[in-house]
Amino acid sequence: MAWTKNVLRVNLEAGTCTTEPLNMQWAQDYLGQRGLATKYLVSEIDPKVDPFSPKNKLIFVTGPLTGTMAATGGRYSVVTKGPLTGAIACSNSGGYFGAELKFAGWDMVIFEGASPKPVYLLINDGKAELVDASHLWGKTVWETEETIKAQHQDPQIRVAAIGRAGENRVLYAAIVNDLHRAAGRSGVGAVMGSKNLKAVAVRGTRTDAYQMANPEAFFAATEAGKKVLAANGVTGQGLPTYGTQVLMNVINELGALPTRNHRDVQFEGAHDISGEAMHEKRPTDGKANLVTNGACFGCTIACGRISRMDPGHFSVKDKPQYHGASGGVEYEAAWALGAANGVNDLEALTYANFLCNEDGFDPITFGATVGAAMELYEMGVLTEKEVGFKLPFGSTEAMVKLAELTAKGEGFGKIMGLGSKRLCTKYGHPELSMTVKSQEFPAYDGRALQGMGLAYATNNRGACHLRGYMVSPEVLGIPVKMEPQATEGKPAMLKAFQDLTAVVDSAGICLFTTFAWGLSDIQPQIQAACEGDWSEERLLLVGERIWNMEREFNLAAGFTAKDDNLPPRLMKEPAKTGPQKGAVSKLDVMLPEYYRVRGWTPDGVPTAETRKRLGV
Amino acid sequence: MKHLIIGSGPAGVIAAETLRKADPAAEITLLCGEGEPPYARMAIPYLLKGEIEEAGTHIRKDADHYDRLRIQLVQARAKGIDTARHTVDLGGGRHLPFDRLLIATGSHPSLEKIPGMDLPGVHSCWTLEDARTILAQARPGTRIVQMGAGFVGCIIMEGLLSRGVDLTILVRSGYMVRRMMNPTASGLIRKWCEAKGVKVLTHTQPRGISAKEGALQVDLGEGRTLPADLYLSVVGVDPNLGFLEGSGIEVGHGILVDAAMQTSVPGIYAAGDVAEATDCLTGQRRINAIQPNAVEQGRIAALNMAGKPAQFRGSFVFNVLTTLGLVSSSFGEWQGVPGGESTEVLDESHYRYLSLQFDGDRLVGANCVGFADHVGAFRGLIEGRVRLGVWKQRLLEDPTRIMQAYLAAAHRVA
Amino acid sequence: MQKSLHIDPNKCTGCLQCEMACAWENHRSFTIAKSRIKVFTFHKEGRFVPYTCTQCDEAWCMTACPVDAIRLDPVTGAKIVLEPTCVGCKVCTIACPFGTINYVASTGKVQKCDLCDGEPACAKACPTGAITYVDADWTGLGKMRQWAGKTDTNPATV
Amino acid sequence: MKITFKLFASLAVHLPPEARSRHRVDLEVDPGCTVGEVIRRHRVPPAQCAIVLVDGAWVSASEWDSRTLTEGQAVAIWPPVAGG
């Protein structure tokens, strides 16, 4: 009952909005959000479709706990076939947008076709309409949100939009909602751009949109959940105070901080760009980069960083629009914009991060692509003439310039918009792209953390840290401590993480709760919200089903076991320094074991028995 | 001390209650002129809609409210005032003495000066009795021609339409609610009405009304006539001043009062729609016929009558209106002031409009259509003469950020 | 000792648990559009400001109501809207200079904070202590009331 | 002998004031000094020592008192933190 049971189908070509009932059998099998929308997508599109073809679809989806008092119950996802990877893409975002969509009465919005001219979808409760967006095309996410709110005179409208990056089909363009929360990875924003869809604007005021199956049990379960989050050191203290950025020094000390396109595993400037540094008063203006922490909808953790730049910094000296506070760097962004290309200027990172939010592109892939471009430049493959300026590792100016060009789609920014795989291939060195399935690694070195390497290699949406966060056991000791270089038990642990993550991503809550919550904390909340009997076993089965469904889609799209791989640098070039010195990835040891625990053939294909067990 | 209050609208009732609090021993008499218990005209539209019973319009709900407060209700109309003898003439030889007098007689509908206004089926919509008549006559299919689309004209439309009538609105000027709304806002309201099936004829003024074959014929001139079963004349109101003749109480458009709400005759006060008090924005005296103003003036007058000096801080014009479900509001100098700046946003297809008027870095006026959240803050900003500082520019760029501007500038929370 | 809501914007993270709690208390729904407490975001200032009725002494809404639909709760000091009596004329919404009483189109009535009979759901739901229900003397409420009474007619003095 | 002692995030308050912004201090300790001794010497609440690394290698709480430090080693400690 925590579903609204309504799906909004928007045919962009015909300009129509129609309502259909949610497939409740699928809701029972896939829960919601990631699982449910993926089920719709794989049932409706040809896996081999060109991601930019009008035949690809784009789905905005909420979970059963989205828009409820469950802590962090504000998530939504965007599901499509991703243009960066060609694989299934599901990007998850917080902010306030997802809850508003639910309050308007929708579990899901399915966009199909492509609009002949720029439009945005305006949803006011049950009423949905496509509105001309000619005046918004070419505008940033920030301008778009401001304009839509003012135009409809409703500051409470929530907006998810693409910026110029999405319009220009930057292959890692994001969809940004609430100014600085993003469905960031895999280029979902580029698919939106390819459909001439500038934004989705929602106002939800319905009180009858959905019900809790058992309100009393729901309050008991969610209050218990909040107490666990508050009492836990990580979710109650660490994340609110320091945000994810507190990891910068941890990962660096551990020798797992990929630096300069993974040439190194430790960054001498890590401390300068760390969460601790964000608290320090700047010598220039005596103020700290960090203004405060901010929460997404319903979140009692509040890890979000709100930063204000030094107005005297070279990047924004003459640009007052960046002098106010906005979303600051989170760990992955700080790493990608910083360590990945050797830049240790926190203010420059903040500026580039602002640009990523303002024009909607993924700082991880962007930053990693800068690192790859810098390596090509240092090798002499990329020249100053080609780029337009010098591009050595560690050049703050160059990183900032590339961010500006990529945002606007100008000059070398157009090539930057292809991501590192296509960039490196274009210049004859595909091996220098630090990617899996063409998607860039985030901030953990796959050699230094063996389990994380396996997670990258097997992730259905390409390299990513959010689908089996082996950093938890390998670094943080959550739920148990595993040695970074060990391989034993990691495939099974990874599978469990991947399946659990699929459940969390399908429920409408944030993955960060799992630093404190186990399935036994989450299950009662789902049980009380949703009709049906949701045991922990059933939930894990749902998670496994989702994982396998995504896998099947990728296999049908043409991926094979060969794509469950890491770049040669991680397989052959040993880590140069630190505690993991000498390490290379032992993927070849772990992968067969992983396939086995997954119930897949040695070629990475789910066996008939697995398929039957999961009903995929 | 004998306190006499003429008029049992909101100003009169609040005054009586305030007097009781401030002067527990006093005699308090409240004159009701319509043979009804004290009621609120603001509630009449909802009576027409059938959402409330007549009792729902009563200003106080407890049957023994006035008895409990020892407020004597007298059903009678004042015919005159003898300021020397301190008596009010009720006609028929009846006189009521007073030590302090409050005139809160409100206003009455202006009558069009055209032939046929006395015909059966021609009414105003102002009193409970008017409402009863309309309720009895307005049925599905009843053809109603309503002259006037001011505040009253607009708020009664929903009640009429809810009865399934066929409604035509005549507007003398080019604009509905032109005393509250600028042409853009007014145009939106008109468009909304038309979309709801109401015919709106602007620049139209009947020459006369005649009765023919059981129906009314409204002569619009140039050979045009409109048949009607019911003709409602709601062209405006005038203050009830007639009984003041010869009293020596100074009158302009209304009864002139000072900051203590006292008239030119000591001991005699006036409040509400009949009083002409200082407008705090313009400094000019004017009648400000709105509910919050009436009760505030009633309260201030009562305090002074009880010997507790109090000053009316001045008022300014603001009002809120619902036209067939479309909420709109108007504040202060919505037409703008010389040398001032303004900003507006319009979303015509969704019937939303917001216009702000500034004088320097202060908000002095606003028009809102379809924008109803936190509108009280407009009053706070305008009446408080709040300096907006940097928020002035932000509002010029995006007027919808009014609440942020209010919190930041008035409460300094950001 | 009368208690009142104490709001400390410095502690607010903008999670809107308060809004959901309020909406649930009064509408049996988490739809924050129906909340009587609102968190305003000052994005460029990096600030979140919860805001609701202070139950001011002036009670502008209560005195302006033409049909006696707003009453004083003698125990909590809250000004309470009697829904069945409210006709929806909205006079109170423009009378309140704080903008904290609002019209709800779906019910045709106005609503405002009523302190939940002395157990404010928003304060209970707030995870950071930004909203607390404490003795009225602590809240700085007087300052706000003073402001409300300040409507000065002399432009030069403000 | 010399070791480096690093306290991150909220633990920095246990460092001398001048060392807090860099989150590290060089210490002179006796040979044979254990991780546990360094923690106690700086009055770092043991419950707050969620991640303890010696030269980047994890040291479990049960090993704090048996793990002796050698010249030039770095002890780094964090309260409960995570990210992603």
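Observations on the model:
Going by the order they are written in, the chains are A, B, C and D; count residues from 1 in each one.
Rule of thumb we're sticking to: a contact is a pair of C-beta atoms (placed from the backbone, for glycine too) under 8 Å apart; a residue touches a chain by one contact, two chains touch by 3 or more.
In this text the structure is predicted, and so the values were computed from the model without any measurement.
The chains that touch both chain A and chain B are C. Here the chain at the heart of the structure, going by C-alpha means, is C. Between the Cα centres of chain B and chain C there is a gap of 27 Å. For the pair chain B and chain D, the distance between mean C-alpha positions equals 75 Å. If each chain is reduced to the centroid of its CA atoms, chain A and chain D end up 34 Å from each other.
In this assembly, the C-alpha centroid of chain C lies 49 Å from the C-alpha centroid of chain D. Chain contacts: chain D has no residue touching two or more partner chains.
The multi-chain contact residues of chain B, meaning those touching 2 or more other chains, are 373, 403-404. Among the residues of chain A, those in touch with two or more other chains are 156. Taken as a contact graph, the chains fit none of the simple arrangements: neither line, ring, star nor complete graph.
Note for the complex: chain A touches chain C at residues 67-69, 71, 96, 99, 103, 156, 179, 203-209, 215, 226, 230, 240, 291-300, 302, 304, 306-308, 324-326. Against chain B, the residues of chain C that register as touching in their complex are 9, 38, 40, 42, 45, 47, 49, 51, 60, 63-64, 66-68, 85, 87-91, 93-103, 105, 108, 144, 147-148, 150-153, 155, 158. Those residues of chain A lying in contact with chain D across their complex are 232-234, 237-239, 241-247, 249-250, 253-255, 271, 275-276, 280, 330-332, 465-466, 469, 471-472, 475-478, 481, 483, 511-512, 515, 578-580. On the chain B side of its complex with chain C, the touching residues are 10, 14, 40-43, 45-46, 51-52, 56-61, 278, 280, 283, 290-292, 295-296, 299, 313-314, 318-320, 322, 325, 327, 329, 331, 362, 372-380, 383-387, 403-404, 406-408, 410-411, 413-414. On the side of chain D, the complex with chain A involves touching residues 6, 8-10, 12, 21-23, 48, 50-51, 53, 55-58, 60, 74, 76, 78-84.
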